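Several structures are given next for inspection.
Look at the two complexes coming up: subunit A is in both, with subunit B in one and subunit C in the other.
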Partner chain A sequence: MTTSVTAPLLEVRDLGVDFDIGSGQLHAVRGVSFVLRARDRLGIVGESGCGKSTVVLAMMGLLPPNAEVSGQVLFNGVDILAGGDSSMRPHRWCDISMVFQGAMNAFNPVRTVGDQIAEPIRMHRKASRRDADKRVGELLDMVGIPASRAVRYPHEFSGGMRQRAALAMALACGPKVLLADEPTTALDVIVQAEILQLLRRVSDDLGVALVFISHDLPAVAQVTERVAVMYAGRVVEEAPVSRLLTAPLHPYSAALLAAIPRPETAAAVCSIPGEPPGLDTTVIGCAFAPRCVSVLDNCRITEPPNIFDGEGVIACHLATSAGLPR
Partner chain B sequence: MNTPLLELSGLTVRYPVRGAGIFGRSGRPVVHAVEDVSMTLEAGQIVALVGESGCGKSTVARTIVGLQHAASGQVIFEGADLTGLRARALRPYRRAIQLVHQDPYDALDPRMTVGAIVEEGLRIHQVDRGDRDAIVRRSLERVGLTPADSVLDRYPHQLSGGQRQRVAIAAAIALTPRLLVADEPVSMLDVSVRASVLELIDDLRRDGLAVLIITHDLAGAVMLADRIAVMYFGRIVEEGPVGEVMEFPAHPYTRALLSAIPSPDPAVRTKPEVVPGELPDAAHPPRGCAFASRCPVAEPACGISIPMLAAVGSGHRAACFRLTPR
Partner chain C sequence: MVASPSGERVVSVPTRRGTALRLITGNRQTVLGLCALGVFLLIALLAPVIAPTPVNTGFANGFSAPTAVHPLGLDGGGFDVLSRLVHGAQTSLLVGSIAALVGMVIGGTIGFVAGYVGGRTDGVLMRITDYFLVIPDIPLMIVAAAVFGQSLTNIMIVIGLVYWASTARLIRAQVMSVRQRTFVKRVEAMGASPLFVLTRHVVPQVTPLLVANTVLMVANAIFAETYISFLGLGDPSVVSWGRMIQDALDQGAVVAGAWWVVLPPGLAVTLVVLAATIAGQGMEDTLNPRLKVGHLAVRRFRVRPLHGALDRP
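Right after this comes the complex of A and B.
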């Protein structure tokens, strides 16, 4: 199976992350699993604190020391989490790289942008300065920045250009998997649309698999083929984007969808009342039950299992009961 | 009796550029932040001021609340020109016009309790000590933080982003303003929380409060506002009733903004109708229309002189040479 062409490039199996905070534990991620094949594009959406950033930081091995990670992250069939930092290091940035949240504001202000993009190339690929500079020119060109701007400083770039540069940096070592954490948040609509187009094009042209994290469902829908909806550390629904946006099965996915303002229709948006549960509480039953409009008695008692229905995964008692369209 | 609540008349704001010649005061370059902005806002109305980062919309907000001096033009509130008033005379207006900041994470003092934060303005405006507690509680409950006792003694870090923004709004409405200026009130919040804060602002209008909402989120603005004004490079390029502007966007920039809103329908790929590019350099504004460099329908005449706002419909104005065939 692993030798077939469609073998998973990256597989996340039952990933869990707890943070030890002295006074107790925070359960940030619980039982997250997904599979990425080459060129796959997966979106992860959810509210702040649902664990989506923690998932990708765990995949990069970049969580702080008080994080306890369980489960597996298989890259080409090999668990890169198992051996700690030494097993992660050869893959980091070369095979799996990342556009960090707020990356556009994380450039060192006193070094040129080109110099900073060259750094991972020289570190990981052991390239000479000259080769690295040549590669920087190619990378900038690919993300739509004139190569001549490499000698400029971050303050001479607009926000959108810095975000493009952050993407160029993530692509510097030719990764197979790109993790993009909120790459369009805090950008203006026009720049956001340009970055979404760019992400699509880059992943098509380079054949890079993409994990795109955002709380903005429409932005994700513009780029990815599949979407995983996270709530309170768990993936509650994963489905093809077309199904998730037209016929969501999980009440939380439906509520997220109803919260999107749509200027073309005058439909009122509906906020989701209440707050997600605190990460320090042990969830009994379904974590979404207190805010769910379709809650059943069982939802407050037992945690819904993951149900595979051929197209996707859903964790909801409604999906197992007869009432829900399948 | 037909005096509008707020009238901006030819408002122009310029910032001197620092570091342009250490000694040279003469001929110092200035950034043209806001140029000749005129608009009105009636009592109980919600007006959205929309545009990209750097277009001057926040500067307009800061000038209205008196945090920024106008180079020329007037800010007329209830018939009085605020730009000419000294600090003492301005004081009652500072109470009548309240500002809600963009970032509820930074806007609240982390060392003050919610109760103290909401009370601070009352103390500064010398509201009778005996009345303050009741006003604080009433304001918190008005913004949906019920019961007030549950939040009064809490600190900002114990609240979610949405709750913090509610506290900021409570602090503003505690002073019974007639005008609320909200600078990107939801851009830092999750999509699911955004809707509820926008609903709250809409609800406050029932108390007769007028709201000027500054945002780059056109979709959010549309669901809330009665009128919309689109800014580009310091000028209003289009202004009118929301329905009109959405249905018949007259300015190419407004059309570009509308085209860039990501569609939640994955079958519809958004492609911004705009030439890729950036805002012009505000220290060296172009001679003609500032949008010409990115405009898909620009012609040579657009580079020669600046188009003025002209009526294109009932209460609907736009500033563009390419509106009517000549």
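Right after this comes the complex of A and C.
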């Protein structure tokens, strides 16, 4: 927990997302809450299908019509989800912007990269074409792309450059919060490291709060100060990076850490046996219980509450009982 | 505004505008095709000047080989073939372009609406489209000609009505696929209105396809007009290439060995269709830079055979 007393910039309260799929409902996200202050950097990690992307798409109001969103997303204390699209629109890109999963798809292939970066500037700032072009040049320069490349088409960019350009586009209107959905997936490790560095740098330089989604815990740890671990649509543990990496409280977090290959110690990589519960099932008790090594009787009966322990939040019965797993 | 980390570096963005100009001049193929079409257009416009004699003046009572006065000879009715050919260009180009335009407007609109709105609207529009798709075109044209009369306007509308359905299907499919792409989601996330998304992102993505399809339709419509006239269902008051071929057949030009009557209209149809196709392909390449990547290139052009033409006794 940061010790600053500033008011929360972005607060997600009890966010839930259900998809109506005709034959029933999918519970994609359940009771997700977190707080972001100015300049905070929060990572969200979890395996595929745990609801990471759904959380940010819900925050941007981009879910398909069959999604039912519950809970609140407060920006400077105002619920931006409450009024539907009209309450969302003024905040889009100017306050909250997003880097989409798969930068290659975030660009329209038949329009130049510069044109597309200029779009939000012209849309929200009512800037002239000349001013917008100038700003595009600055943005590209900031992410390390020569401004002369603005007239190029997306297919003329490499994967890393496209990701940088996508970041430039997300920063176009000077947002306060940046949601980055798997920005390093599908890039090779060198480019990945460059992008992570760049993310850190721009969020420092511009004072942008960052929500960084990834399934790559080490990548998240390099960029953010806090990490939320999601499992089966719930945040099971949220803690400062240092604590999560050294002393995870939730057995799932511990298992995730153990699953990271560490060539320097030659220790065996531990996979987690089993698989997450189907999203269409109603989970009784803790969703992780069937795979948990330190499962208690209570875990299969009641859902663990969120416990705030001064530094982070954990949803595990082990934390409520005396002995915390170390 | 954020200062660039490198300080006062000169940051300038070169501009790349003038898509319309690029569309026409950006590709040698397009230039070639458009030039050829231009020549035909010029011939059509200048038909009264070029034609050595008035169209409907007979000179003899039968076939007559090319002479200095009649460069392409006379047909079975004693009419000057060259005069009829240049006047036929008017008919073919007019019918071809108007019918293709009718098809493009109807098919494009229905395709865009169905693909973008989706849901029930899509369902209703596509059932109507299916209905038009399964109507056999020649019987419809025969019926239409019989019911509404054999006028040029009717032929244009009927050809347009027959060919819009495939355009609608094509455009709808493309719009639907574009809609699902991440960049459309991204533009929506930016707070763009549906109209902005449609006009700035969906339409430019789909336009090459629409252009290519329209060019294909021009070629098809010229064919259709040719065979409608060939079947004797064309406007009796105008000369067209199809009617020239029909007349030639009726008058026994082949038996008489009068090649100068049969070849010119046939070659003219071929050349116009070829020119339209080449121009369309080139435009497609220019509009969609991705098509320049070899393996992504889609060559949809296919010249339809002349239905029914071979069955005629």
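FYI, the second predicted complex is superposed on the first by the 318 of 326 C-alpha atoms of A that agree within 3 Å, B and C clash if a C-alpha of one lies under 4 Å from a C-alpha of the other, contacts with A are read in each partner's own complex, and residues count from 1 in each chain.
In this section, contacts are C-beta pairs under 8 Å (C-beta built on N, C-alpha and C of every residue); 3 or more make two chains touch, one makes a residue touch a chain.
Quick caveat: nothing in here was measured; it's all calculated off a predicted structure.
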Worksheet item: If you stack the two complexes on chain A, which partner ends up touching A:89: first (subunit B), second (subunit C), both, or neither?
Response: second
Discussion item. Quick check on the superposed pair: does A:178 touch subunit B, subunit C, both, or neither? Answer first, second, both or neither.
Written reply: neither
Practice prompt. Report for A:213: first if it touches subunit B alone, second if subunit C alone, otherwise both or neither.
Written response: neither
Worksheet item: Does the superposition put A:168 against subunit B (first), subunit C (second), both, or neither?
Response: neither
Discussion item. By the touch definition at the top of the document, which applies to A:133: first (subunit B), second (subunit C), both, or neither?
Written reply: second
Practice prompt. Mind working out whether A:36 is in touch with subunit B, subunit C, both or neither, as first, second, both or neither?
Written response: neither
Worksheet item: Which of the two partners, first being subunit B and second being subunit C, lies in contact with A:222: first, second, both, or neither?
Response: first
Item to complete: Please work out whether A:315 is in contact with subunit B alone, subunit C alone, both, or neither, and reply first, second, both or neither.
Response: neither
Practice prompt. Go through the superposed model and pick first if A:190 touches only subunit B, second if only subunit C, both, or neither.
Written response: first
Practice prompt. Could you pull out which residues of subunit A sit against subunit B in one structure and against subunit C in the other?
Written response: none
Worksheet item: Of all residues in subunit A, which touch subunit B in the complex?
Response: 47-48, 144, 158-161, 186, 188-194, 196-197, 215-219, 221-222, 241-242, 245, 255-257, 259-264, 268-273, 275
Practice prompt. Write out the stretch or stretches of subunit B touching subunit A in their complex.
Written response: 52-53, 160-161, 187, 190-196, 198-199, 216-220, 222-223, 246, 256-267, 269-272, 274, 276, 278-279
Worksheet entry | Sites on subunit A touched by subunit C in the complex | 60, 62, 88-90, 92-93, 97-98, 100-102, 105-112, 114, 116, 119-120, 123-124, 133-138, 140-142, 147-148, 150-151, 153, 155, 169, 174, 205-206
Discussion item. Give the list of subunit C residues in touch with subunit A in this complex.
Written reply: 1-2, 4-6, 9, 11-16, 181-183, 185-192, 196, 200-201, 204-205, 208, 287-290, 293
